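Going in written order, the chains are labelled A, B, C, D, E and F, and every chain counts its residues from 1.
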Amino acid sequence: MQWNSVGEFFAMGGYALYVWGSFGACALLMIAEPFLARRRLSDVRKSLARERLADELELQQKNS
Amino acid sequence: MNAFLATVRRDLLLALRRKSEVLTAVFFFVIVTSLFPLGIGPEPVLLKKIAPGILWVAALLATLLGLPRLFSADHVDGTLEQMALSPSPLGLLVAGKILAHWLLCGLPLVLLAPVLGLQFDLDASTLGILTLALLLGTPLLSLIGAIGAALTLGVRGGGVLLALLVLPLYIPALIFGAGAVEAHSAGLGAGGHLSLLAAMLALAGFFAPWATTAALRVALE
Amino acid sequence: MRQSIIQWFRFASPQSFYPLAGRMIPWFWAAAIIFGIGGLWISFFVAPTDAQQGEGYRIIFVHVPASWMSMFIYLVMAFWAGLGLALNTRVSGMMAQALAPTGALMAALSLWTGALWGKPMWGAWWVWDARLTSELILFFLYLGFMALQAAIDDPRRADKAGAILALVGVVNIPIIYFSVKWWNTLHQGSTINLNKAPSMAQTMLWGMLLMALAFWMYSIAVALMRVRAIILERERHTEWVKHAVE
Amino acid sequence: MTARKLLRAGFGHNWTMLNVSGLACSRGERRLFTDVGFSLDPGEWLHVQGENGAGKTSLMRLLVGLSPADAGEIRWRDEPTPSAEFRRDLIYLGHHAAVKEDLTPLENLLLAAALDGVGLDEGTALAALVRLGLRGREDLPVRVLSAGQKRRVLLARLLTRPALIWVLDEAFNALDVAAVRQLGDLIAEHLAAGGMAVLTSHQPLPVPGGKTLVL
Amino acid sequence: MNAFLATVRRDLLLALRRKSEVLTAVFFFVIVTSLFPLGIGPEPVLLKKIAPGILWVAALLATLLGLPRLFSADHVDGTLEQMALSPSPLGLLVAGKILAHWLLCGLPLVLLAPVLGLQFDLDASTLGILTLALLLGTPLLSLIGAIGAALTLGVRGGGVLLALLVLPLYIPALIFGAGAVEAHSAGLGAGGHLSLLAAMLALAGFFAPWATTAALRVALE
Amino acid sequence: MTARKLLRAGFGHNWTMLNVSGLACSRGERRLFTDVGFSLDPGEWLHVQGENGAGKTSLMRLLVGLSPADAGEIRWRDEPTPSAEFRRDLIYLGHHAAVKEDLTPLENLLLAAALDGVGLDEGTALAALVRLGLRGREDLPVRVLSAGQKRRVLLARLLTRPALIWVLDEAFNALDVAAVRQLGDLIAEHLAAGGMAVLTSHQPLPVPGGKTLVL
């Protein structure tokens, strides 16, 4: 373990901007991407559910 | 004024509908600037020297590439006829189309130029001047280009003829635009170049829509 | 033989693939997280400070996996695309479409982390080095693929056009790679040479390996998530989708 | 949406609304027609007839002011055209589709209205599309519509913008039997409300009455 | 084979009918090369150094500019459908169109390059290498470009999307083409570069018409 | 130029020349038609009917092989299409003009024939144009012709290339009365010589007999 303090860890020996810039960008994008993918999935699901509901309503109308 | 805004909105909507279109003008700019180092070789000193020229030529070509579409789609499908017959003055609609063209093809280049400048290792103050020059220059390119687009409308061989007509007219913008950066690098100050660009922009903003409208009426005859 | 292969791909219909993908995703996420934590631990707490580059070299632990993945994903994408074109299986086109954004993301990360590494090491964000340049071109190839697919709204047509482009690209990638390499090395040596990181310590190798595995698992997990969405979008009017989504 | 309110002043004068006299047109070395004249008053319509290439389309383009005539005069409300007033009173639908293939029928209508500077709410636009049998196609890009459906999108403009004079060049092309009848009804309604129309067609027109001009 | 020649003849005839078209690709090339001295400044040593790169990038852009028209006119007016249904194999007709495109957009550039090279003060043997490299490279550009043109056919945002697809694929041609001249100037001999260009040309000549045909069939669906 | 000599073998077999069965086509989410089938033998023709957007054009494109069917089979001379033989026997004229606006009608005909790999001398081409009423327009660029004249240039291909089966999508559009009659005669001649035809039109067709398919 080469870090003596938390501050030293974050300073990264003077390369903080570059190291945290790299790791930060990776973390940010790699967290964002699955959320975007999931939202896409849930959007489709929602619209499918809406369609189902509309179908059912139409059916009810026909029956009554 | 309403019709003006409606035209801008319409053209933006059409462009967004072709999602890729907005981004691809930008990517063309990026790719063309990247082509030059590949053709010329990777020496940093040399590249730094020719960077402003390359960025300006690339911006000019990227604007040029979007020009044929400015009126041609509306011409082919008859919308332009409808515009000429519309109760709103044609000049207003044309001005709207030009503004939309700049928002789609010009503004993104201005925003992107600093990033590309970094690739050529330009420093911060040079990047500032470059961006400012492009901010003044790209609307000028759109305005002048619109005249050319209208003149070559429906003419056989349009796209290339357009380039031929418009590029010579772009030369002053290129000289003062790229010159501003070089003057700055040489420690001469870019003020003179920039104010000339601004003056040309004012002039073109006044006359170009008018000339474009006249050219369109001829094309419709 | 050929018949049985075709049979197999018929079996891999969207209908059977959708739940299968759903069951696999958590496992890949788990693997990605475990490998990721291990890799990060090594990269920050086990790997020693580099003698020449100080702490700056730690960027390697994301840079190299991202670079590798960006190249590898293109191959996989082209494989699926070619399969779709040859055997006309529906899932293949969807897989190719699902992989492209992740590949582009990896290429972008490689460029970004590389630029952030270059500034302290070479004093420039960007130099026109062979490897950098070919990575940039790879990024453009991804964007072209995505732009082409986005521009065509009939999914069947989009798949086929995308497949042709991906295959043309895959033929070109080695050509591009070597041309850029020679372009650079045939030149007088005015460019800064990309020094290989000095004799990598065993621990660094392990760190990179773990991170690469994490990126790999991550890519598979995200691509599967996206492909599920794409399956539903494209098959929304089939009976099974109506039943699958309660 | 009727023509009535656009009529305003115009009665009680001794001039006709549209008065065309002495028109001549040549294309290349060919004289298409000379000395063509006619006049229209509210409620009247003109059927321009002639075989292929006789000059019907050319006449229409002179009439609306898209190309200049070799000779002759066109007066609208006793003023020479093209005047701003004429353009406000006019709808011209030509051979071209004049719809954006990338937009949906609804967007096409709304944007066309915005460009003309007339207000149009979505409800009215939708009603026009439904009336023209495009129910269920409002949200598809026009590109994928059938030939007849594209023409119908164009024709919907007749319902969404009030105009006094309709100039329709082969508007019945590509339409099926039901749509032809419907367009006929539309024109008849327009005439009954005091509108005018100039039509060409190679088929018999389902509109009663009307003057005839043979080129 | 007859159908192949007929296609070439037809495309040449169509281009000649639009008289301006043949010349304007050339003028675009001339103007773009002339823009650089304006954007970069008139230093002879610098210009001489970047000349091959600039000429190659200009050639590349001039070829690119003609690409959208390669199939789009035939697509819009339905001729392409007729070709796909014609008894002659579509691949043959496509090859004919590509050859015609090269004759119209590539060959003139090759012929003109030595003249433009003189502007940049290149010596005779360098000019020879430049011309030879362009002679091998421009057909390659036409072949690769045809694939892109077919893929973007009838697609929203065509022209610019085409540039995005095709330019990355052009890079090897650019590098070896411009590299040949530089290697020659550096006394290294251009043989290696030129034979690589020739190899790529052979590869593309074999695969590109095939890929283009496949893409066209997709576009017609 | 007649279909007779193209017939060759084909009689005395127990299959029909064109046999279509179980065709299905969907566009977007819409099922346009399912299980469409018909067959044609020499001298027979089919009238495809249906309102705007019913799927007539889509059916024609499946038939000639421009787009793939969702299901079903098309057999020509007892072989599945698209075969090289089918393409040799086929002429398809669609909604599009498919003529080069910059070329003259004569050049258009000659080049179209050359692309198809069939010989055509200038005399025959000229005769076809004259027969279709384009006398005096042979040397004008197609661009300046009227809408109907453009269609006639396209139709002239029917006279300059022998083919067994004509697939004509709304070929009667934009034609004047005389031209409609003439095209009707042309088709009748073609059928009498053993040809086949698939036609769509919203107007009544001036060709006697014929099967009907309503979509």
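Everything below uses one rule, namely that a contact is a pair of C-beta atoms (placed from the backbone, for glycine too) under 8 Å apart; a residue touches a chain by one contact, two chains touch by 3 or more.
It should be emphasised that the depicted structure is a prediction, and the values quoted were computed from it without experimental measurement.
When the partners of subunit A are compared with those of subunit B, the chains appearing in both lists are C. Contact with subunit B and subunit C alike is made by E.
With respect to subunit B, maximal separation of chain centres occurs for F (centres as means of Cα atoms). Chains B-E form the pair with the most C-beta pairs in contact.
Put simply, the C-alpha centre of subunit C and that of subunit F have 49 angstrom between them. For the pair subunit E and subunit F, the distance between C-alpha centroids works out to 37 Å. The distance from the centre of subunit C to the centre of subunit D, each centre being the mean of the chain's C-alpha atoms, comes to 56 Å.
In subunit D, the positions touching at least two other chains are 95, 102, 141. Chain contacts: subunit B has residues 17-20, 24, 27, 31, 38, 41, 156 touching two or more partner chains. Those residues of subunit A in touch with two or more other chains do not exist in this structure.
Per the touch definition, subunit F reaches subunit E in the complex via residues 64-68, 84, 87-88, 90, 92, 94-103, 107, 111-112, 114-118, 141.
Within the complex, the subunit B residues that touch subunit E are 17-21, 24-25, 27-28, 31-32, 35-36, 38-41, 46, 49-50, 52-54, 56-57, 60-61, 65-66, 68-69, 155-157, 159-161, 163-164, 167-168, 171, 174-175, 178, 182.
The part of subunit F that touches subunit D in the complex is made up of residues 27-28, 50-54, 56-57, 95, 133, 137, 140, 144-149, 152, 170, 173-180, 202-203.
Interface of subunit C with subunit B (complex): residues 124-129, 133, 136, 140, 143, 147-148, 150-151, 180, 183-184, 187, 190-191. On the side of subunit C, the complex with subunit E involves touching residues 137, 140-141, 143-144, 147-148, 151-152, 154, 156-157, 160-161, 164-165, 167-169, 171-172, 175-176, 179-180, 182-183, 186-188.
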